[in-house]
Amino acid sequence: MAAKPDLKRFPGFFALTLLCLFLLYAPLVIVMIYSFNDSQSITIWGGTSLRWYGDVFWGPEADKFKQAAINSLAIATAAAIAATTIATMSATAMLRAGHFRGKGASFALINLPLMVPEIVTAVATLIFFSAIGFTTGYATILIAHIVFCIPFAYLPIAARMEGVEEVYEQAAQDLYATRWEAFRLILLPLMAPGILSGFLLAFIISLDDFIITNFVKGAGIETLPTAIFGAVKQGIKPNIMAISTLLLGVSILFVTLSYFAGRIGQKTKTPTGETT
Amino acid sequence: MAGLGQKPTAGGRTYAGLGLPLMLPAWVIIGFFLVLPIGIMLVYSFLTKEFRGGVIWEPTLAAYDQFFFDRGLFGDEQPKIEWTYILIFWRSIWQAGLATLMCLLIGFPTAWFIATRPASSRTIWLFLITVPYWVNLLIRTISMKFLIRDNGPLNQWLLDAGLISDPIHIINTNTAVQLGLFYSYLPFMVLPIYAAVERYNFSLSEAAADLYASRWITLRHIILPVVKPGIIAGCILVFVPSLGAFLAPDLLGGAKNFMIGSLIEEQFKGNAGNWPFGAAASMILLSMVLIVLIFYARAQGRAHAKGAS
Amino acid sequence: MAEDQTINPAIEIDRVVKRYGSFTALNDVSLTIADNEFFTLLGPSGCGKTTLLRCIAGFEDISEGAIRLYGDDIANDPPNKRPVNTVFQQYALFPHMNVQRNVMFGLQRLGYSEMDARGRAREVLDLVQLLPFADRLPAQLSGGQQQRVALARALAPNPKVLLLDEPLSALDLKLRQAVRLELQQLQQDTGITFIFVTHDQEEALTMSDRIAVISDGRVQQVGPARDIYEEPNNKFVADFIGETNLIDVAVTGVSNGMAACTLPGGAAFTCPAAQGAHQGHGHLSVRPERVSLTAPEKALITGHVQRLIYLGTDMHIDVALSDGEMVKARVQNSQSAHIPAQGAQVGLDFEEGAARLLID
């Protein structure tokens, strides 16, 4: 048995995986390292310090970035809540409501924001608001974000709902629960990890967006990406690297949370089987 | 066994009859703020431009005419084919295509490797692959720009190590854009292929080996055809956003390596200020993407039909 | 009680048809299940037995017909309006609630106060001896314990009818045999009508007051276990329940439930006939253990021994008739038993009452 060739293994695949991870992480790690550089120049290493973090919070541009960060977080929170609610309702319709007219079209509709290139969505939204005479501002950013966050929230929610066997809701109904009770007391708690993942994903996607925000934001309103982009246009300065590292930290915190949300969910699942 | 799990009806029915009301918010939001805007954008592409943005409500084909034909500076010459924009589109397709190929060459082995790990370590590998995807795209692109600058860390190390005598010029080249696109969308390639490989039945490989196939023959004739849907899905997920990408070409490509995204952006945000032309270019981009997706949907449909028979 | 079904029917299935598109899952099914009866729906997978159960529970709409529960037509009521509870095949215990919460769920939906629901839940948990496990999550229980929680949960609201969808199929063999007895006892103690779905004939034969054998969406035969086994109506039932020989015969006449037929080889034979049997070509069902080996000249049929299979307590003998048809016989292995050698010419004999003419 020991000499049996492993058919799953291909020479070089492991090396390519490491290369893949290296390519993905090298730029991020380097920016992280250079964010601690105690030097005016981004090229020359001048020793370790936190001076650029200080610059981010108390430097000349601190107010601008602070306001942008508040805008980003507020919009991302509101957009993610709205998108998660809509996505949960849609997933229930698609996966639990049997056949209805326009089901195929509904599925295409939910995925439409994923299929339309971001730049096209940005242009269309800008033209739309201009055509109906809507002043661009916080509201336009929020609406645009809700639209493209819906499919991202939908994916993990629908995946989770598919994983929850309908027999639980049937058992609830068999035990005299109304459909609303079956939804609230059984389906919702069982798919909570999916809803949490959907929320986190939508939140990150909203926080991440540059192109659409750049088109529909009003004059003077900045989110973090548009503020950073504006600053980078003048050249990469060390404080940008500090901000980037901070945002990186937020992203990694979120993905870790979402990862553990998924794991917790899996543990409570196991319907039959012995003690886990 | 006719258990409760396998019902003859497709999908659940607990909330039968509530499909439309439950879908209503999605229909309203996406319909009103995406479908309708695309319709209005189509209308705008046939209107007359107003200088410094906006439109005059006079129907014209000027935007499309400007895209495809050159009528001289004053518009009175014999129309010739205008290559500027077609070339920009062609460059976008080429760049997106190369980025997709790079993603596939690295992404397939990675996806395979991860999918063949024991289940416990698989989630960790997958986690590692997905983390960068969660990191702000703008920040990733800036990081890449920082890394590959002429006097950036990459060149410095190579110089210090004595591997090169002059800095390699990568930034503001096509290569930089491809690298940026590759870096932006690599996880999109890995995840669907991973999903396909995870479902792959390894006894097929054993059967092939039993019938004297080497592992590379098995890869070529058994594995690739079976996981092809995942590969195609991955390619589309990388190609489509690459085609309309704005950040990578703008930050890494510089002025000479214009792609569709920058061209469109310039009509609204930059100096060009030609909304109908920007709308027309957007419509052309959208049509190209839809063609790709329709081909994909039809291929999927055929695969399903084959699987069912 | 089985014979008194006309007095107080708990469930009446009246000409029920269930279609999925062009597929007919239930084809004109009529059944009357008596109050306080342990009634089993038995059939192979895909025969429609689970569909019928789901129609009674309310998870499937019926295409035609009526379902009456103590006289009330419930066919259009949603599941939560039917005083009927189900024990699901994989139990469907709510994984995010502990055992007690699971059992309390139905009671609370019915408007029990928290305290009353807890009291009743503990009472039922005590009945299935799971009180010490009230605070555990379902995932922390063994398969057998989960099965009992599912039972307790379904019994707690005191349903008029309890539906059980192959509740033993997820248990291992030893446990299954023990639980059978418990289920039967529970049914007698509670006096609730049980409708039990299974594909396992042994389960059906040992537990049920009456059995309905279902195949292809139709009821093939209804009756107590003994009737189903000893007096099968048609080929499907005879073949599905236990092992049997189906011998081709020519039927010369049928009267008063008795049929005169000609066996292969020409011997005349008279035996009981299933209802609806008619003259012409027919099949005789004879259980292998009722076939005895004798000298060829004294026998009803003759053939030669094709194959001998040693089964420990029994010897299984395949006898090939002259026309190629095969008849199985089962002989107990005892010192006095005469076991013929392979290839030997043998005679086969069976009593009148051991054979039955079937309809196809």
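Letters A, B and C name the chains as they come in the text, with residue numbers starting at 1 for each one.
Note that a contact is a pair of C-beta atoms (placed from the backbone, for glycine too) under 8 Å apart; a residue touches a chain by one contact, two chains touch by 3 or more.
Since we're looking at a predicted model, the values are computed, not measured.
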Per mean C-alpha coordinates, the chain lying farthest from chain C is B
Chain pair with the greatest number of C-beta contact pairs: A-B
Where the centres are mean C-alpha positions, what is the separation of chain A from chain B, in Å? 18
Here the gap between chain A and chain C, centre to centre from mean Cα coordinates and rounded to Å, is 54
List, in ascending order, every residue of chain A touching at least 2 other chains. 165, 167, 170, 173, 179
Which chain C residues touch at least two other chains? 59, 88, 90, 92
What residues in chain B touch two or more of the other chains? 4-5, 9
For chain A, which residues are in contact with chain C within the complex? 165, 167-168, 170-179, 181, 185-186, 189-190, 268-276
Given the complex, residues on chain C that touch chain A span 57-59, 78-80, 84-86, 88, 90-96, 105-106, 109-110, 137-143, 146, 153-154, 157, 170
In the complex, chain A residues that touch chain B: 5, 7-10, 12-14, 16-17, 19-21, 23-28, 30-31, 34, 42-43, 85-87, 89-90, 92-103, 106, 109-110, 112-113, 115-121, 123-128, 130-131, 143-144, 146-147, 150, 165-167, 169-170, 173, 179, 182-183, 187, 204, 207-208, 210-211, 214-215, 225, 228-229, 232, 236, 240-241, 244, 247-248, 251-252, 254-255, 259, 263
Give the list of chain B residues in touch with chain A in this complex. 4-5, 9-20, 22-23, 25-27, 29-31, 33-38, 40-41, 44, 54, 106-107, 109-110, 112-114, 116, 123, 125, 127-132, 134-140, 142-147, 151-153, 156, 182-183, 186-187, 190, 202, 205-206, 209, 215-216, 218-219, 240-241, 243-244, 246-247, 251, 260-261, 264-265, 268-269, 275, 278-279, 282, 285-286, 289-290, 293
